[in-house]
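Common to both upcoming complexes is chain A, partnered first by chain B, then by chain C.
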Partner chain A sequence: MIQFFGRSYDREDLIAGVLFILPAALIFLIFLVIPIVFAVAISFTDWNGISPPSEANGVGLANYEALLTQPGIRQSDFFKALKNTVYYVIGVVPTQTALALLLAVIVNQRWLKAKGFFRTAFYFPSITSSVVISLIFMWLFTRGGLINYLIGRIFPGYNPVNWLDDPTGLIHNILGLLGVTLRSAPDWVRTKVLGLTIWDWISGPSTTMISIMLLNIWTTSGTMMVIFLAALQDIPRHLYEAAYVDGATGWRAFWSITLPMLRPTIFFVVTIGMIGCFQVFDQIFVISSGGPAKTTLTIAWMVYRNGFMNSDMGLAAATAFVLFIIIFSLTLLQRRLIGERMQI
Partner chain B sequence: MFGNRNFVVAVVLIVALALAVLPTAAQEGEAVELTLMGWSSSSAENDRLQQMIDDFNSEYEGQIHVTLNLVPEYDTTLQTALAGGEPPDVFYVDSFRLPDYVEAGALMPGEDLIEEPDDFYPSLRQAFTYDGVFYCPPKDFSTLALFYNVDMFEEAGLEPPQTWDEMRAAAEALTDEDAGVYGLVLSADFARWIAFLYAAGGSVTDEDFTEMTINSPEALEALEFYTGLYLDGFAATPSELDSGWNGEAFGKGLAAMAVEGNWMVPFLADNFPDVNYGVVELPEGPAGRATMAFTVCYAVPAEAAHPDESWTLVNWLTGPEGMAQWVSLGLAMPTRQSLRDQWLEQFPELEPFLNGAEYAHKWQFIPGFQDVLDTVNDNIQRIFAGTQTPEDALAEIEEVGNEVLERYQAERAEE
Partner chain C sequence: MAEQAPALKRAQPLTLRDRLSHVMNSVISVLSFVVLVIFALAMILPFIFSIANSFKTLPDINANPQRLLPSDLDEDGWPDFSIQGYREVAAGDFPRWTFNSFAYSLSVMISHLILDSLAGYALARLRFPGRDAVFMGIIGTMMIPGIVLLIPRFIILKQLGMINTFAGLVLPVMADAFGIFMMKQFFESIPREIEEAAKVDGANRLMIFARVVMPMSTPALTALAIFGFQGAWNDFMTPLIVVASDKNLYTLPLGLALLRGFAGSQFRWDTFLAGSIVTTLPMAIIFFVLQRYFVEGIAYAGLKG
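After this line comes the complex of A and B, so read on.
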């Protein structure tokens, strides 16, 4: 018998066990743990990403200060990226979750014909390359594209929106309709908070960002739908039967049985949705490169830009680490909120 | 669980597998193996380069053997190779990225190794000179010029513009908003506006990158002229014309003029062969003519494994003969002045681009300047959107730029 991590094992069992997990453990170690430790170490240096990392100088917390506390372009860009990313998350996560749930409930109906077709069709975007989808969306959303054409058919006299090149924010536009512009707004909106004026903070997602949000909602809801579908089919039938015996309507059963039973799944879907949204990169890379007017500058795009276009891998690593902390804390918070009474 | 023999067999198999995936050292022949890394461009250009490499290989049979490696996502691949200490023996460096690589100590100075350096256009040699050291010979280059639609100009009875005033007048005359045709397609892009900035007599920074000089009356004039064309409705952005870039909008006949480089010539020939267009040098601004030179060189890494052979290759490719072969497709322009006349005989219609080399400015700043470029683009885009004024834009660019320059100077002082 051998002692291992406080438990005793038969010697051969132990060797066999370790050998079994070795491939996965090695991959995990080499491609995940070591790079993460390396990235954290880099974030405390001024490494330019070109010369060997051993030549980089330690700069202590300077990269974090540049991002978070020291007024300047790096701080204002970081908070601009954070603002854009947060609007993106707020727009995408609830919408895609609700849409995925709706789709899952529909394709779970027993009266539905051609279930296989609908399930495949809804899931299809998820298995298509995001670059290809982005290119197709660029095509649909150009000024003279299909989207504007359809809107124009429904609302004659519609002045085509230039979806992919319009930096005006949603909330700014709504305020504009109400007659509030930067010129007519009170002076306090020009106060700078963390590198951005209050007016900039409340811009809302730009029109271009909204197009990218629609794209992402469309792509990911399929994956989420499959997860919901699996969970829906796990709910025991007898719960519904008991409810109908007690006179519950379908609507009531949905609110009182389906949703509570789906709680762990909703937590899961919201969490992976949120993580994915905070890391949005490929669509930005293909469609807008952070423009127009920095309104699609997201944190992940900023990491790439600083690391590979601006010779500042240290700052890029620090940005990535701050992003990790944001995602990690939000996940914990969410576990508190949604997951309270749930057991995983 | 398993007997000892099985265990031994398993270990042997794992070791054998591990050995199988290890690279085996090739020991065939005595030729020095070199890798040339670059990015892929049009297939015609890729084929021509491969053909040149084949010629080189047969000329140096038994001595040097070169493999051409054209990669997508070039910058990230090169950066990783350099940081990993295994750089390719020769690679492309864009003049814009040169300062980053030099400051990182990644390039071997070519000062005394480059053949006939004085034959290169001074503006292009300058583009690969940093702190007074010439690093790598330019392989080819592009400049900006004005494309105009001959049919539209003839119909309106106009001559191609030679000055800013004529350009604005032509743009106004050729705009027909109801037909969706604009005088000019104009992107909200620093890399285009900067040519106008220089033509107005303005500049971005001082010579030594100690402070920004962009907040000047000249720059304001250039910015007001450029954005004015758009704000007054004589120009539209490519996206407003349903196009990915200036060349596409021009090719579709939705704009009568476009400020672009010679890369647009093969694009139009391939995609819009029916467009009847002409090219003139960029119109003269208040301070004369100016354009931008975009150029790429063949560089050898500082830690080259075979420096002599690498420079042999570079000099062969950029020497008078190699250069003549490389530019004979008309897709790239010769960086050697001695080839000018011969080349123009073959491609007279491209003269405006080649003339630009005489007065072109380099598209190059310092490491970390991307923050400033993004800020300029951001501001031009906001002026186009009507939420920024040219005056405030220049003040903002100056502030951000000075912050970046100050940091750069502080880092240099430390070294």
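After this line comes the complex of A and C, so read on.
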């Protein structure tokens, strides 16, 4: 026995424990903890990523100011990226969660045959490389591609949409149909707020961004369906039996048993969905590189572009930490909101 | 006969409401089945059409993507399949990238199997000072979004001179917090008595771990191996920041993505589709063989995560 801070440990266990944990702990220390500390320091410099970091100049908070407060292209790009990312999250997260839940509830029905087949079909996209899926979607969404072909077959008069190169925003397009354009809109929409005009803020996701959103919904719904399915199978059957004896319909049972029992799972699925969406990167890299007209510029893509294409590692590191703070606070906020409701 | 159980139910006449709800239930069942089939098709068809078109000539892909068979017929009247895309893939850098992808994925998989289980076992069974703090630290790293690590990883690898090296690709991802967490949970579910018995027989901790605990952990280790392999096989961001300027070290996803970059607006869809199929195939085979473990693993991740 060995004493440490007033506690006694088995000598052999202590040595084995330290030796067993050491390799993994070293990997985390060297490639995760130290680099993050390093990157925080880099975010206060103008390091270009090429010369030795010791030659970089300290710039104080300049990188953060350029992104957040100082009017200019970097600020307007950052808020453009924030806007695009937020539209992306709002479009993708609720849709994929609802779709995954719907599919899971259907697959979970007792009368359904070939459950295994459906589970496999829905899960398969999640094991495929994001680059491959992006390429396949690009091919499907080209002007002469299958998506336009399919829509053209259903609606004969359809004028093919150029999905991958259309910067017009969804809300702008809807307003346009109602006769509201920038020209006819009142003057106040031209007011600049945080680098963008109000008109730009309310653009909605561009057509190209919508294609990428569809891609993400298509890929992740399956994984989330499998998670929901596992949770559904854990709900005790007698709850439903009791409800049916009391005369509840299937619909009623869904709202008063299934949904409340699934609340922790929904929280989990929404959280990982949101964290994933805020980081959307691979798809942007392959499909659009932030274009057309910066409408698919996302914060994650900006981190890469600033650091590796514009050789401004300081700005890139600052962008990454702002993104981290956004994701972190949203997770906490969500935990608080749903957590409170769970106690009722 | 009239007193038998099914007849008992019918003793009370069906009200209109009962009948309506019966009809409604059937309608809902049919509708939900239709919904399910539509979405299943939406999931499968993109892959079917990609595979089919990868065996067509480039002009045929561009003109008739909706046809599953090539438009041209050979002299015997059979569809004239083209393997031009696959030929280009085989002639280019793909064989090299396939090798790299296997090397990367297998290295990550093996190191996760060793490091994650060792660490998981230490956290589950071995008492040492600071164990709880280490555990919290490891769980904490799961909260850090991958994209935030992009710049820090590049910086440290550059400082260590590991940019454009295979070691630089593998070392940073040799241990994985989720795997450690999963193994810890699993080891805690094994009854302690088995290890105690081995200890009485004079085995040391390493022997107990290697000879007693590990052989009992096949389900968890299989899930760990699958996650490790899959993560590395599909990984795009790590190769992108570590080896993007050395073509000989590309993995398949990186190679495909950068090929697309060089292509500009001239898309050789035959090559891209063939390359996509080649990239997906190994993972697909593993998936169909070990399907049960995938689904169990993801469910496990979902419930415990």
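Heads up, the rule we're going with is that the second predicted complex is superposed on the first by the 331 of 344 C-alpha atoms of A that agree within 3 Å, B and C clash if a C-alpha of one lies under 4 Å from a C-alpha of the other, contacts with A are read in each partner's own complex, and residues count from 1 in each chain.
Convention: a residue touches a chain if its C-beta (ideal position, glycine included) is under 8 Å from a C-beta of that chain, and two chains touch if they have at least 3 such contacts.
These numbers come from a predicted model, not from an experiment.
Q: Based on the superposed arrangement, let me know which partner A:Phe308 touches: chain B (first), chain C (second), both, or neither?
A: In the superposed model, A:Phe308 contacts both chain B and chain C.
Q: Return first, second, both or neither, reflecting whether A:Pro53 touches chain B, chain C, both chains, or no partner chain.
A: both
Q: Please tell me which partner, chain B or chain C, touches more residues of chain A.
A: Answer, by number of touched residues of chain A: C.
Q: Once the shared chain is lined up, is A:Asp13 touching chain B (first), chain C (second), both, or neither of them?
A: A:Asp13: touches chain B and chain C.
Q: Based on the superposed arrangement, let me know which partner A:Phe44 touches: chain B (first), chain C (second), both, or neither?
A: The answer is neither, since A:Phe44 touches no partner chain.
Q: For A:Thr120 in the superposed arrangement: first (chain B), second (chain C), both or neither?
A: second
Q: After superposition on the shared chain, which partner residues are touched by A:Arg143: those of chain B (first), chain C (second), both, or neither?
A: After superposing on A, A:Arg143 lies in contact with chain B but is clear of chain C.
Q: With the two complexes superposed on chain A, say which partner A:Ala24 touches: chain B (first), chain C (second), both, or neither.
A: Only chain C; A:Ala24 stays clear of chain B.
Q: State whether A:Phe78 touches chain B only (first), chain C only (second), both chains, or neither.
A: Touch status of A:Phe78: no partner.
Q: Under the stated touch criterion, which partner chain does A:Tyr87 make contact with: chain B (first), chain C (second), both, or neither?
A: A:Tyr87 contacts neither chain B nor chain C.
Q: Quick check on my understanding: which residues of chain A belong to both its chain B contact set and its chain C contact set?
A: Residues 12-13, 16, 49, 53, 142, 144-145, 308, which sit in both footprints.
Q: State the interface residues of chain B toward chain A in the complex, per the touch definition above.
A: Within the complex, chain B touches chain A at residues 1-2, 75-76, 79, 82-85, 100-101, 103-106, 188, 237, 239-242, 367-368, 370-371, 374-375, 377-378, 381-382, 385, 387, 400, 403-404, 411.
Q: Given the complex with chain C, which residues does chain A contribute to the contact?
A: Listed in rising order, the residues are 4-5, 7, 9-10, 12-14, 16-18, 20-21, 23-25, 27-28, 30-32, 34-36, 38-39, 42, 49, 53, 99, 102-103, 106-107, 109, 111-112, 117-132, 134-140, 142, 144-146, 149-150, 218, 222-223, 226-227, 229-231, 234, 249-250, 265, 268-269, 272, 275, 278-279, 281-282, 285-286, 300, 303-304, 307-308, 313, 316-317, 320-321, 323-324, 327-328, 331.
Q: Please output the residues of chain C touching chain A within their complex, sorted ascending.
A: Residue positions touching the partner: 21, 25, 28-29, 32-33, 35-36, 39-40, 42-44, 46-47, 49-50, 53, 62-63, 65-66, 114-116, 118-119, 121-123, 125-129, 131, 134, 137-138, 141, 143-156, 158-159, 171-175, 177, 180, 204-206, 209, 230, 233-234, 236-237, 240-241, 244, 252-254, 256-257, 260, 267, 269, 272-273, 276, 279-280, 283-284, 287, 291, 294-295, 298-299, 301-303, 305.
Q: So in the complex, the part of chain A that touches chain B is made up of which residues?
A: Residue positions touching the partner: 12-13, 15-16, 46, 48-53, 55, 72-74, 77, 142-145, 162, 164-168, 182, 290-294, 305, 308-312.
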